[in-house]
Each structure stands twice: as C-alpha cells, then as structure tokens.
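Same chain, two partners: chain A is paired with chain B first, then with chain C.
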Partner chain A sequence: MPLSQRNLALLLIAPGLALVAALFLYPLSFSLVSAFTGPDGGFSLGSFRKAWELYSGDVVFTVVIVLSSCLLTGLMAVVIAGTLTLGENRYIVGTLKALYRWPLFIPFIVAAQCMRTFLAKNGLMNNTFVSLGLMEPLQAVSFLDWRGIIATFVWKQTPFVALLLAGALASLDRATLEAGRNLGASRLRVLVELALPQVMPQLLVALVLSFVTMLSVLSVPMMVSGSQPTMLTVDMAFRINAYGDYSTANALGVITYLLSAGAAIIYLKRGMSQESTR
Partner chain B sequence: MRILTLACSLAALMAASPLSAQTLNVASAGDQNMVDYVKDYLGPMFEKAHPGVKVVSVGTGPGDSGSQKILEKLDAQKGSATTDFDVVVIHQKAAGQMVKDGLLAKYTDKIDTAKLVSSEAAKNSLGADVSGYVMPMFQSQTALAYNADMLKTPPNSFAELKDWAKKNPKQFGYNGIKGGMSGVAFVAGWVYAFGGDANKLVQGPYDAAEKAKWDTAFAELKEFNKNAVITPGNAGTLDMLNRGEIAMGPVWVDMFYSWQADGKLPPNMKLKLAAPGMPGQPMYYAVPEKSAQRKLAEEFIALATSPQVQADGIVKKFNWYPGIDAKNLEGKLDKAAWDKLFTDITPTDLSKNAKPFPIAPYFNDILEGYEKKVAN
Partner chain C sequence: MQPVTQARTGSGSAIAVRGLQVAYGGTRVLHGVDLDFAPGSFTALLGSSGCGKTTLLRSLSGFVPVESGSIVVGGSNVAGLPPEKRGMAMVFQSYALWPHMTVLQNIGYGLKLRGRSKAEIAAKVGEMLRFLGLAGYEDRKVTALSGGQRQRVALGRALAIDPGILLLDEPLSNLDAKIRMVMRHEIRSIQQRLGLTAVHVTHDREEAMTMADRLVIMQAGRVAQVGTPEEVYDHPASAFVANFMGAENVLPLVVTQGEGQASVAAGEARAILTGAPASALPAGETLAYFRDDVARLGAPDAPAAGGDLVVPGTIAARAYPGGVYRYKVEAAGRQITVDDADRHELGTKVGLRIPLQRLHIFPASEAGISA
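Up next, the complex of A and B:
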C-alpha cells in the first residue's frame, strides 16, 4: 500500500518526536510529579517550602548572577560585533576576528579551572599586575566569589552572542549606515542609533539562549566560588548527593524551569508585539 | 564519562573472560586514587599470587554518592542469581544501609587478618552494627593545616580557633558543606565543640530534640564565617594554603601529605588536630551477598588487609592511616615512613581527638541545620 503524503510526513517526524518525548517530556513530567509529591506519596508543597526555607538566598543569587552576566555579555558582544562591522583599522578588526571566537571551543569546566588560578588572590592576574608595578601585593583581592562566576560566564558566552550579532550586523543594508556616516554621525552613534535597533531581535535571542545556558551550568559555581551563597545547580547536586533527597532537588529544578520560562516569555512577547506593529 | 568508564570496564571484562578462568570485579567508591590503588597496586599483586585470575577495578565516583551508586546497583540485582561486583569498597553511610538491606555477606570470620582489627569503626558504622560484614581498608582523618611561618602556635582547641579567627580576619578558610568532606568535617567538629555532648552524636541513640541545642553553635558559626574565607572545594583549601592566601584550613591528612610529597604544598605547612577533635572515616572492604566469587573475594580482602600490604600500600604509598591496628605494622615499615605519618599529629593526639562522624540521622541534621541557619 503506497503511503499517503500525510502518513509519510508523520513517519518522518516520528523519530524526532519519540526522542523529544523520551529524553525531554518524560523526565520533565517525572521531575514535576516528584517535586509535588510528599513523603507519604500524596500531593504536597513540602518540597517547595523546604527549598524556599533553605535556598531562598541562592535563588536570588542565581537570578542576580545570570542577569548581570547577560547584561555584561550583551555589552561586550555589542562592542566586539560593532568593531567588526564598523571598525576602520583593518589590523584591529583582523586581530579581533581571529581571536574573539576562541572561548567558544573551550568547555565550561576547563574555563572554570583556568579562572580558579587566574583570578585567585595570589593568582596569575594579580601577580602580573604586581610584577608590572601596577599594584601593591597587599592590595590584591581574590575574585573567586560571585565576581569570578560572572567573569567566567561573560568570557565564555560573549563570543557566542557576538557571533550571532556580527552575522546580523553584516547582513544589514550598508547604505543606511553609510548614509548616517555621510551626514556626519560618529561611528558610535551609527552603531547605537542605526545598526543596533535593526538587530535587536537577534541580540535578544542570543541573550535568552545564554541566560538558559548559564542557568544550567554546575561546574563554574562549584569550582570558581565557595558555596555560600551559591547557584541552584550546586544546591540540587548537594541535595541528591548528601541526602538522596530527589523531591527537594526537583522542586529547585521546577524553580529553575520557571526562571527560564520567564526569559522565554519576555522574548515571545517582544516578538509578538513586533509582529503586530508591522 | 562515568558511563564511558563503566562501558569500557564492561567491554574489558567481556574481552577478558574467555582468556582467564576467573574474573574478580572490584568496585570502589571514592576518588581516582582509590581506583588506581586497586588497578595498579593491589590487582597485579593478587593476579600474580593467583594465576588465571583477572582483577577488574571499577570506580563509581567520589564521596557518599559513589557508595550510593554501588548500593543502588546491588539493590537492583537483588533478584538475580549473582551480582556484577565481587568486592566493594564503600563509605560508612552506605555500609550501614547495605547491611540492613541484606546486600552484604558476613565474611570476616573466614579471614585471618580480621584478628588484627580492634577499632570501633570495624563494628559500628555511624550507629549501624556492621561487625562481621566489613574490614577497614584504611582510616582517614581530617585536621587543620596551617602555615608555620605565619603562625608559630596554632590554636589548641576550637574555642582558641574562634578567637584567633576574630583577630586575624580572612586568614582561616574552609569549603563550607557543599564543596567536599573536609568542610563537612570542620562543621561537625564545630558542633562537637559548641553543640553539647559530642559522644551522644557519635554513639546515639538518635533523639530528634537534640538539634535544638545547636542553635547557639550555628549562630556563632555564622559570625565566624564573616571572618573566614569560603574556599572552592577540598583542593581549593589546599590551593589557597599553597598560594599563601589563607594561613589555616581543614584538610584531609592523606591529601595533605600527598600534595606535600608532590611539591604542591610548601614544606612549612603543618597539621594540628584541635580539641575536642575532628572527624575521620574509614573506607570498608565488603563482599556482596550474591557475589559469584565469594572465596576469591575473601582471599583478595585478606591480602589487602595483611600487614605488609597495609604498610607498603596504605601507609607508604598513599599516606592513609592503616585500617588494621597500627601495632601490627611494626617492623614492616621503615622508620622514616612511619615517622612521617605521625610527625605533626602524634598517636596520642589521634587516640584523643580523632572522632568518627556523627551517626547518620544527626549527620543529616547537622548538614541541614547548617544550610538553614548558617548559609541561608
């Protein structure tokens, strides 16, 4: 019996759908159920109460860390992508082009290990400053806390955002930008007032993706900073390893879902309002 | 990665089985050095003495979670005829649970070296009776490491340490409770010192009302933390000591000596076991109830706990304290190796201030109390 067009289409998407169902939907609903299940097997908000009682500070800490990392990543990416598109010194542009993608190929755990020795009080960075005479040894401070986490995240995510942004900027109509330059606008003004508004959606997509990625990283907070306060991923791992307590860990997971869902909603809303104004 | 390791071991196992008559599968919870100990040292020695036997060493990951994985595996295979593991190396928390669940075999009466062990840890594992089911592989201990150039007289007790940290802000560092067991041990030591009766926490029985007595201790620890540095992990504390960023911090004694031997810690670092003491823990050798190679497994453990192996492997190579009573090692070890182990912490200090961890329910109460009252 020959397959109809419709059946063929269904057959083609079946493997992908099965994969999503088995590897995402099933574990998702499993962890949702576990988060809302009490020790006696019935429905309970106990895990959430416990999660909030023990980790409310860490929830706030996680949000602050991830948001400020996103903000800094966005800024850095705009500077890099702007220089690549509008830069006039070809040596600077060439060097930057060759260098900026490197962190993309370095895993989070390796970046964290490097930062551990780089940012320490008597680490590579401070020692370099001291030996250059820029700083007294006594002024050295350790960055192995929230600042270290942000530095690692920004270093790791900037190239990703810059890559998407530079691509979007390159596909803009050069004529508008050059018109701006001809009328006497500085390059900074062309970037901020002409180029960036046109690539805002792409920048936002890149930042939302970075937000979700950073929310899920375990190695960086674990290796770079001490554990008080720390990010939710570390708390989840600790809940399971120290107490075998999956339901509170899952409650923390649900809180993380909600945070990333928040980012997705902001993005979708913005996308829709743009659609409607068009 | 772990799955890959397991898969590789499994592949190696399948490839090896037709060649040799018997395979002994040893699963170790713990850091890589524990897996290497069996793979590179104990395994080859056993294979030499038992021609035709192949020892396969598998690691299940560090900390209590590694033991948890062994427990889950044995539990899952409860219904089958044999288990995949013949010898397991496990932590205290899991050992009590496994004995309770009937997953382990009683074997120590069948091996001679059992007579060489008299320590409490061989009978009582965090409140659970495990006598007959386990042999201690080694005893590990936490202590305060300090930079002898920066402070001449280290604090003798936790009370002195509290004052010292106040006068020397940001000179004491530990890794909290989420970054490894040396920080957990420090917190347990703090509760032993300021939380009432330490003996009750170690021996039980469990009384849920006991934790109410720790409120002041936790409040003081929160205050103490303001002057302390929270380091990233067991290795993080050692790193910061090495770079001179902190002057003192809790460490595992074996890690301390190994790092010093590798030149990763300067020779001016010393150890101190402050009163009333800090916890240490043994790792246990045990045989699963459904092991297919019960006899071989017993012989393997007998070799591993023999005085010569304990002297050469455990003490000299890996800087652990012996699992069997130390007096049985006399004459098996040169004086230098022996002295090195007891330079800073004398046997008297050890017998007075080396404590076990609290029994499991108190242990969890301490961790959760810390999360609630100190960290959040």
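Up next, the complex of A and C:
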C-alpha cells in the first residue's frame, strides 16, 4: 500500500482510536497504575494486601455467586431452548416463545427493584404462598440475600443465553435429531445426548459473556442484598464513596479484571479452535 | 463389500396403509392413500417435487402427524405412536450423522438405547462395519469420512438395531454419480440378504427402477399407479405416469373405431391398427405419449406401413449427446424429440415414423397434464 493511502487509513480510524484511548485505555491504565502505587508514590502491593485483608471473603462470595448464577442460567436456558426446539405442544412453545425474551429489555436496576418487592419477607412471593394457605405468615423468610442476587441474575441473563442457544439449536440439521428419535431416543435424550453436544461451543460463549456481565453489575447486589458478604462492585463503590480510597478500589478492580480475563481466555480459546476446524 | 455374516431372510414386517390423510397447516398433502408393503419387498415412492412422497415416508416414520387413516405394522396401528416407538429405521438424505461422535458411537447409539453392554455394542458395530466394507473405522470421527463412507455409516446405524422396516429418504441424492451407482447395488443387496421391508423415496426414475421391485408413482398427494418397474414403464395407467416415466413427446391424435380395427390420424397422416390393441384404444380426440427412442426419421413421402404413422416434419435443432443424434422435429404443430443414428442437416424435410404399438394413448379430456 502506498504511504499516502496508509496515512489516510490511519486518519480514518483516528477518531475511533482516540475515543477508545481516552475513554477506555487511559482510565484502565490509570486504575492499574493507581492499584500498584503506594502512599509515597512508589511501587507497592499495599493496596492489594489491604483489599485482600478486608474483602477476601467477598472475592470468594462474588466468584461463587457468579458461577452458580451461570450454572443455573445455563440449565434454565437449556430447558427453554430445548422446549422451543423439540417441544410438540404448539401452545406451550408459542407462549414460551412470546414471553421468554422480555427480561432482555429490562435494565438490571429495574430487575433488582422488582426482586425486592417479590422476594422480601412481606413480598409478593411470600404473600401469595400465605394467601394460598401453603405457608403460615410466621414462617415467611426474606430471600433478599445471596439467593436474591442469584435469582435476579438468573432471571435477567437466562433470556440472553436461551436466545443464543435456541438460535444454535435451530440451525442444526433437524435430521440429526430425528435420527435419534427414529432409533428410539426420547426427546429428553435427544436434547441431552445429541443436540446439546453439537451446540456446546455456543452455550459456552453465551455463559462466558454472562459471567463477565454479572461480575460487573453494581445495582443488583446493592439493592437486593444490603448485608455482608457482598459483591466486589459494592465494595469498590463503598471504598470510593465512603473513604475516597481509590487505590484499594482499584486493587479490587484489578482482581475483577483477572476474573474476567479467565473467562475471556476461555472465550478466545474457543473462538480460535472453531477457526482452526473451519 | 464383505458377504453378510448373518443372513436373516424374511425378517421384514408388512405395512398396511389405509385412508391416510395428512395436512400441513390446513393444506392437505395426502388425500387418502391406500398401500400395502409386503414383508421383504423393496418399494420405491416416485414422483415430482411436492407430490407427497416424502410426506408419506415421514408419516410412516412418525415425524408427520397423521390427520386420519391407519398405518398397521405387525397387526397394530402405529399411526398415533411417536417415532421412537415405531421400530422403523430411517436413512436420511443428509446422512444425519452426529458430528460429535465416532463411527462406533454413531452406529452403536441405537443399541445403547436398547441397554446393550459395551462389549455387545462393540461386537455388533464391528460386524456391521465389516459388512459395510468399513472394517477398522470404529474410532474415526464421522466428519473425517467421505460422502459414500458417511452414507454407509448411516446405513449401518439404521441396520444395527435389526429393524423390520428400512425407510430410505433420498439417501443417494447427495453422492456423486459413480458412488451413487455402487450404493444402489449395495443397498439393494443388503435389503435382499436381510429380507427387510424397504420403502425408498426418490425423484430419480432410473434409481427407482434399478433398486425397487415395485414402484408407487405419486401425483398431488394421491397414488397414480402401483406396479413392477416393467408394468409402470410399459403400461402407464395415466398420461401423468407416462409423462413422468419419460414419454415426454406429446402428439394429438384422432382415433376412429371401425370393424375390428382403429384408424389413427395425426393431421393428414393416417395409420390403421388391427386386433386387440386397436379395440383398447379410446375413440375420439386423444393424446399420444412416447419416448425419444420410439420414432425414426425417414423420407417425408415414405408409405405408412405395418401400423406405423408417418408424420411429415422439419428438423429444427440437433444435438449430439453421444451414440445417437438427438433432433427436435417440428411436426403436427408440435416439437417432437427424436433420437436417430444418422446425421441430418437443420431444415431437412423428414417423415417421422412412429410405431402405433409403442404409443401410450389417452383421451384428450383425461390427460391431466398440459399437452
């Protein structure tokens, strides 16, 4: 390519590049540097030591919450996408198809607010159980803790994973599923043994993307569960808002990066192995 | 291919289809089909696209819900049963092998569903692979196989469960011409050795004729004719069947019945037919259907003799597909395709010599296809 054309190309991508640099690379580098800087301005791991002393429990809590949410999201998505693909009752399939995507269009903060009114001690769920005579009012317990966070994440992320999974299942050669039934497999066996293994890459990618999304949500843990332990996003917000302690918050940020990086590596590896088999 | 290790002659089941009606979203596709499939027979369902042949096969296998009618196998009606309860094995056009499984897992899946032990499955799959000429392929990924090998694995998967009925949904249409020829004979000989009842859907006439011992010609959701390949080819029951079986030339004729003879006229050309063939002809306006190799080219003024009709015409086009020349001849207001060994120039006046005995003649009012 002649030099002038090359310069022109650089000029064309310059605004986008500048935007990425200013809004993403600069803050990222700044927070990374800040995480490794001591009070005296030199290199230090002090912020990490402090972050780990104060919040190691929350790191584990975050990982457990996000992993369990991913697992449950995956299960729910398989049930929904499997029903959409292999269901024979057209009323059930039609209703499910019309309803399952709605949570995609509801922001996390609204979902969290809905869950507060639904899962509270005197919330909609317990009140319904009491009015149905399934439970005494005294037995009512609040679910606004780790269970509430998981419920919200699963409710919010299931449609996204189910959408990708249903698309992948729909693009399978239907004859491969019919061949299974023809040989005597029930629909459940066809789903588990023949359909899912063929769409595992897509399911894994959807779950990795959900993992990273859940890791970065602040509103849900803050609104649904005010108590300890909580998720890293809440701790970061607390360090900054209550103490102006940016270095500990940044150290927690770096830990979060590392967790997402683990997921990103799985995502990229999967992408590369797909490219190489093509 | 290896000889079959366990010949199980006569293991096929009979199928009786009665009044089968199938509709897709309010549009009826099968209009009351009645058919019997004898044990051990090889039946080809033949017809053009959209005639309902695949729908009939899929309703036998249970993938298409039946609106009304019955499918009786072994004395019981299976029309309401789900596909997994019918005991029919199907081979699909796309092979439908499971890409995440090896050859062993693919062929052994039906046995695994039947609760066989791993050793039993391995032994049976090994036997099946030897039978199909794929010995030692157990641990290959199916994605690493060629089209012909994949189709053999698909066939092995269907045969491994010892089905009484084998359903073949255009299994050869994705293969190249040479392998298709080989697979035709392989499938036919396997079916005969195992004595299976086979139902084969195809739109390839030659494939149906060479593989099946009985053809079912379907037209717009109905059975147009059932018979041996010879019966259907030589004595088509309708204009549609004649046309579908390759008699694509159409010539309007006027038939006049007389005392023990019939006079046949195409425009100015006339011929007399006598005896039993004459009395079988429909009288009045008719349409004659015949194949490209029936008519001969001769002199335009040659005498019409021996029950041959000589229609004058002009050569409009010529092609050489190999062996013989193929001509388009303008005659009696039609374009007639004729194969002839001699080379003629375009525009030459010729006499189209057509033996009446070899025409398939139907009343013009009944010929349901455009003439």
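As a convention for this text, the second predicted complex is superposed on the first by the 250 of 278 C-alpha atoms of A that agree within 3 Å, B and C clash if a C-alpha of one lies under 4 Å from a C-alpha of the other, contacts with A are read in each partner's own complex, and residues count from 1 in each chain.
Heads up, the rule we're going with is that a residue touches a chain if its C-beta (ideal position, glycine included) is under 8 Å from a C-beta of that chain, and two chains touch if they have at least 3 such contacts.
If you're wondering where the values come from, they're calculated on a predicted model, not measured in any experiment.
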item	value
Which superposed partner A:S186 touches (first chain B, second chain C, both, neither)	second
Partner chain in contact with A:G16 - chain B first, chain C second, else both or neither	neither
Touched partner set for A:G244, first chain B, second chain C, both or neither	first
Touched partner set for A:P197, first chain B, second chain C, both or neither	second
First, second, both or neither for A:G42, with chain B first and chain C second	neither
Contact breadth on chain A, by residue count: chain C or chain B	B
Partner chain in contact with A:E178 - chain B first, chain C second, else both or neither	second
First (chain B), second (chain C), both or neither touched by A:K121	first
Footprint overlap on chain A, where chain B in one structure and chain C in the other make contact	none
Parts of chain A lying in touch with chain B, wherever the complex brings them together	53-58, 116-117, 120-123, 142, 144, 222-230, 234-235, 237-238, 240-244
Of all residues in chain C, those that touch chain A in their complex	61-63, 82-85, 88-90, 92-94, 96-100, 109-110, 113-114, 154, 157-158, 161
Residue numbers on chain A that touch chain C, as the complex places them	173, 175-176, 178-186, 189, 194, 197-198
Touch list for chain B against partner chain A, complex	63-65, 68, 175-179, 183, 225, 229-233, 236, 239-240, 243-245, 364, 367-368, 371-372, 374-376
